[in-house]
Amino acid sequence: MAAFRHRTKVMFQHCDPAAIVFYPRYFEMINEVVETFFDDAMGWSFRQMHEDDGLGVPMGRLETRFPAASRLGDVLDWTLTFPRIGRASLDLEIRASCGGEQRVRAEGTLVLVDLARMKSIRWPDGRRATLATYQEE
Amino acid sequence: MAAFRHRTKVMFQHCDPAAIVFYPRYFEMINEVVETFFDDAMGWSFRQMHEDDGLGVPMGRLETRFPAASRLGDVLDWTLTFPRIGRASLDLEIRASCGGEQRVRAEGTLVLVDLARMKSIRWPDGRRATLATYQEE
Amino acid sequence: MAAFRHRTKVMFQHCDPAAIVFYPRYFEMINEVVETFFDDAMGWSFRQMHEDDGLGVPMGRLETRFPAASRLGDVLDWTLTFPRIGRASLDLEIRASCGGEQRVRAEGTLVLVDLARMKSIRWPDGRRATLATYQEE
Amino acid sequence: MAAFRHRTKVMFQHCDPAAIVFYPRYFEMINEVVETFFDDAMGWSFRQMHEDDGLGVPMGRLETRFPAASRLGDVLDWTLTFPRIGRASLDLEIRASCGGEQRVRAEGTLVLVDLARMKSIRWPDGRRATLATYQEE
């Protein structure tokens, strides 16, 4: 089991008048971590998923803690693991830290859906096998 | 006890390639609900709070459910109430629905902080009294 | 000839660490002005245009000046007029001011396109007549 | 003379219901190109500039063309050069292309300002020398 890792930098566009990350921007970063995972680790880009396959992975639930603020210029180290892989769903555990200090702790569930019918569908076996590589024990 | 109410419309800028709200945009809307509450119901604009008073209300925790998708053009009816008012913290319950169907359920905690020292401070008594008007029973 | 008018407020989400509007956010506001014009003045919502009619109005050109900064809490008064209505294109003149001080001056061109073929198409006669109501002389 | 180069990828968060880049997102990318230039090429991070030095580089003018649409997953190659370096201002020429096809052409002017007084100030000589390295002939 290994966590998927991704690094982002806190840019001007993420910061509020207090010069710290405006929390809605963390959710764009979380989406980037998930999208990059699907592209790099699964070999399943969002372009192929959405346009060719007619599928999507909307977030149904997301619980977040922001134990400390992130400032302009901070480098955030993200990890992504999967506590549970369901029939059509996927539980996510996402963390961001900077210099060892935790900044974001998130737990969520996304669901694989057929976009035309907005119905959940089962993970294809090959995809499920790759997801399992990042499952927590 | 009354809920604070606010209405937003799902615009093009909120929508993803599936023509539904991209979930990070919900958090901008949630912030708008809170900011509008402070401005309209409390008479305490974020400009005054941040620039004149040197205070802020960062979100420390936010748990969200998205039971159904919102489409371009949908009108969202938001409600905001407070299950608990702490010394320096405030628990929030935020809901959005469209035509009676629930789209967002969020529970969070924000904290009043002195921005210069990034330390929590007690709600001033007058502010606390206004908050209590929106406390759930 | 009359200008289409729209009012927006500078919220926390629009502001950068200098507590003034981060200029990319102005373009979200400009899009909101145009989208609201199509919806309110033309009776042609972006939902109907994009989903039912398979059409879109991408911006091909946009020239902007920001003569003065806008601060958190400022109320912006927007005007929209059309210097020229082309076969498939539309020249826009967009202004935002606050308390009489000009904050944004923009001139652009959008084009009506068939989204499936990404080809420009002629404005339908009824739509063109409504656009002409907001044409500058 | 050399152009400063930067590469970005079109992510889900940049795309609209037509699955192409929503043009306000291009301005976030343009800001990222400029911010990365200051950080990497000038050794002057926006954090140092804004927080330590009390300076900023607001955009006063920006003229953009979008000759072709960018789709989800496209990789954009950005170049940045300076046609003119003023006393306190800087003219920018920014281009983005994908596989040789031009997607964005932008020309703008930013100004170095003292944030506390919102007054323009002269480029420090050392900074000006570095800027000149990227000046067009």
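Order of writing sets the labels: A, B, C and D. Residues in every chain begin at 1.
The rule is simple: a contact is a pair of C-beta atoms (placed from the backbone, for glycine too) under 8 Å apart; a residue touches a chain by one contact, two chains touch by 3 or more.
Here the structure is a predicted model, which is why all the values come from computation and not from measurement.
Its interface matching that of A-B in over half of the contact pairs by residue number, C-D stands out among C-D, B-D or B-C. In terms of C-beta pairs in contact, A-D outnumbers the other of A-D and A-C. Rounded to whole angstrom, the centroid-to-centroid distance between chain A and chain D, based on C-alpha atoms, equals 28 Å. Centroids of chain A and chain C (each the mean of its C-alpha atoms) stand 33 Å apart. Along chain A, residues 12-13, 17-19, 22, 24, 28, 31, 50-51, 72 each make contact with two or more other chains. Interface residues of chain A, counted against chain C in their complex, comprise 12-13, 15-19, 22, 24, 72.
Residues 11-13, 19, 28, 31-32, 35, 45-47, 50-51, 71-73 of chain C are the ones touching chain B in the complex. For chain D in complex with chain C, the residues that touch the partner chain are 17-18, 20, 22-25, 27-28, 30-31, 50-51, 56, 58-67, 69, 115, 118.
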